[in-house]
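One structure, pasted below without further comment.
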Amino acid sequence: MSALSLAGMTRMGDLRLDVDLVVEPDETVAVLGPNGAGKTSLLRLLAGLLSLDSGALAIGGATVDEPGTGAFLPPHLRRVGWVPQDRLLFPHLTVAGNVGFGPGVDADRVAGLLDALGLTGLAYRRPDECSGGQAQRVALARALATDPVVLLLDEPSAALDVESRHLINGVLTAAEAPATLLVTHDPVEAATLADRLVVLENGAVSQAGSPREVRSRPKTRYVASLAGLNLLEATASGTVAVTALGTRVVLAEPAEGPVHLVVPPTAVALHRSAPDGSPRNVWQAGVTDLQPAFERIRVVLDGPLPVVAEVTPAAVEELGLRVGSEVWAAVKATEVACHAI
Amino acid sequence: MRRFLLAFAGLAVVLLALPIVGLLQRMPWSSLPDLLGDDVTLDALRVSLVVSLVAALVVLVLGTPLAWALGRTDLPGRRIVRALVVLPMVLPPVVGGAALLFALGRRGLIGQWLDRWFGLTLPFTLTGAIVAATFVALPFYVIAVEGALRTARREIDDLEGVASTLGAPPLTVLRRITLPRLLPAMGAGLALAWARALGEFGATITFAGNLPGRTQTLPLATFLALQSEPERALALSLVMLAVALAVLLPLRDRWLPGR
Amino acid sequence: MLARSFLLAGLLLTGCGSGIDDPGPTVFAASSLTDVLPALAEAWSEQSGTEPILVFGGSNHLAAQLHDGAPVDAFLTADPGLIPVGVVDVHFASNHLVLAVPAGNPAQVTGPDDLGRDDLRVAVCAAEVPCGRATHALGLPLSPDTEEISVRAVVTRLVLDEADVGIVYATDVLVVEGIDEVPGTDLTSAGVEYRAAPLTAAGNRFVDFLVSDAALGILRNHGFSE
């Protein structure tokens, strides 16, 4: 019996949320998506603050929302623990008061959770006297205190200090942690905390799988950009694929029909003048942006193949690259991964 | 710029303090014990306290649901009701009293049925004075609380949402989350309403009349004393000042917004 | 143009007529003279060609304004104690009290004894105002439900049938349609004497008119006595 099982659709204003999602009792699933994808709305739906227009939602094996039969269990009867993005601690209660708020939460449980999250010394402080990291821990303790079947976390690691992050991770990965669904826009957080990733774009699931699978075979621009990869849509026939802009890309192996072309930024070589040599894909591009990224520079290019190249700062200096410069780019056919859609 | 603002603030303080200073300066300090101890003063004080406190209670009981309906629901007709709520504040109190008379007097629209069926008449009774005071005081409370509900609507919605996911049923949420969040605004509104009820004159005398010991409140007694015994009027003014300060000063820091 | 509008507004506020060519004496008068004084003022203006400015109010308030220096030519009041010291005032009218009931006498009041009944709603003037002093001077057993701050308020209570019986002036029953006098009751033992206090030369002329026969006729018509 899964901890959470959703197959349904709901419409809120302009957004149409249509999601199939299952979370098993012992796993942590991360829902990854850009802002506006519907991540917070998804959590509110699961918590019971929004309702489905069609489909069904079950928590702990029991149907809590099914428009077809008129079944709807209000939030206070669902066994979910929600940790909102803004934490929403009750300002007029102390930390201990917040953690112990749920009906039936006894003092022992409160003490245990405060201890696990390093909050014992803060038990009598008010929320406005806590730092961001402390507040996040309090919110988590409060949600866990009610012994939920599934824990819903909204951007759990946003603006956290190291100690808080450490303590929270410890609690979430412990054996007794409930099934957890977390939503985030940060792929690193998703990869660190989750067993499984679900990518949500514009209210629909665009890809799902383990973090490694999703990263190595991105199916949408967004996922690719998360992984730091370039992704282009094209139509292949044989060893040539034609992109939406009409550019011809030479492939290492033949393919047919609509494809995704994935090019790692490190595979895009930049030259001052048209290079000769083995690369089959060569074109002239303009530099539209230069972004420092750890010890490399990401060079955003426009032109027939709009991609991002990643080069060393020394190379940028040598080539005299500036926003607006013209440069020659080259990619080997063997570096272009081609996936049929 | 700062000095400019301070100058005007100073002017405001002078405007507020001057009448009090004038009052205190003319106070017949030596005759005060006699004036304050006699029946007229004590009766008026008793009537005023009963009327204002009961009116405040009624305001709390009727005004809180009204403020909730206006600030937290999407019921139709809210704009009309809001205008109705402001009405007693803009009507001259005597007009308010006359309106109450035409509605609830012995021959009033509703009043005549109250008289005929239940033998219940409001004019010339303590209850009538309470009704008049409630009428003028209600808007102060409703506006304060509705204002707080509207500005904090998003926040209250969110907090209530979290509370219910933690397992609290709707009534518990109301009791433990919503009401505590509103307490400062409720306190401030109630203090204002009570103060208004205490000082009420025009509507009271028009609707409930004036009878020492039954409907003669401190303001009424003061007005009449001005006609014949100015010293008594001063003494009564002092009593009102003292009562008002005694209740409002301790509340100033705790209940008014800013906490 | 603006100045004339202000003057007109001022006159309208003081309850005067529309003529603004020659303002007459400013007269402060007790509110119980509200019905008779305009008639007297009209007679005066026919005679003198000027329009008096009439200001009505509770005698105590008017006296206070006088004391503070308001530009008044004559002060008409039933309370002689309010007239400034040194001013020679003259008695020009009298009013006595009557027992009154709402038109039609719905509570079937028969006489002054009913004033002491608890089951009736009794309205009288407060002791601090002239009509109230006169009422208490009658020495009748009273069980009032309200002691109003002016006799007009008592009249209103009766007209609206909010009170069953009350004590008002003889002039009120004559002028106001909604109240009746209880027949066969004599309360003339206590009454009110109106005195006119002239404060300026213009005031003097007006006060002289008030004690003339013409004025007396108008006063009688309105229920006042000598």
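We just call them A, B and C in the order they show up, numbering each chain from 1.
One rule holds in what follows: a residue touches a chain if its C-beta (ideal position, glycine included) is under 8 Å from a C-beta of that chain, and two chains touch if they have at least 3 such contacts.
As the structure is a computational prediction, the values presented were derived from the model and not from experiment.
J.: Relative to subunit A, which chain's C-alpha centre is the most remote?
T.: Chain C.
J.: Pick the chain whose C-alpha centre of mass, unweighted, sits closest to the average of all protein C-alpha coordinates shown.
T.: Central chain: B.
J.: Could you work out how far the Cα centre of subunit B sits from that of subunit C, in whole Å?
T.: The separation of the two C-alpha centroids amounts to 35 Å.
J.: In whole angstrom, how far does the Cα centroid of subunit A sit from the Cα centroid of subunit C?
T.: The separation of the two C-alpha centroids amounts to 87 Å.
J.: With chain centres defined as C-alpha means, what is the inter-centre distance between subunit A and subunit B in Å?
T.: 55
J.: Once bound in the complex, which stretches of subunit A touch subunit B?
T.: Against subunit B, the touching part of subunit A is residues 44, 47-49, 74-78, 80-82, 84, 86, 88, 90-92, 101-104, 142-143, 146.
J.: Once bound in the complex, which stretches of subunit B touch subunit A?
T.: It is residues 158-159, 161-170, 172-173, 176-177, 180-181 of subunit B that touch subunit A.
J.: Inside the complex, what are the residues of subunit C that reach subunit B?
T.: Against subunit B, the touching part of subunit C is residues 58, 60, 121, 123, 126-129, 144-149, 153, 157, 160-162.
J.: Please output the residues of subunit B touching subunit C within their complex, sorted ascending.
T.: Interface residues on subunit B, with respect to subunit C: 101, 105-107, 121, 123-124, 205, 208-212, 215, 223-229.
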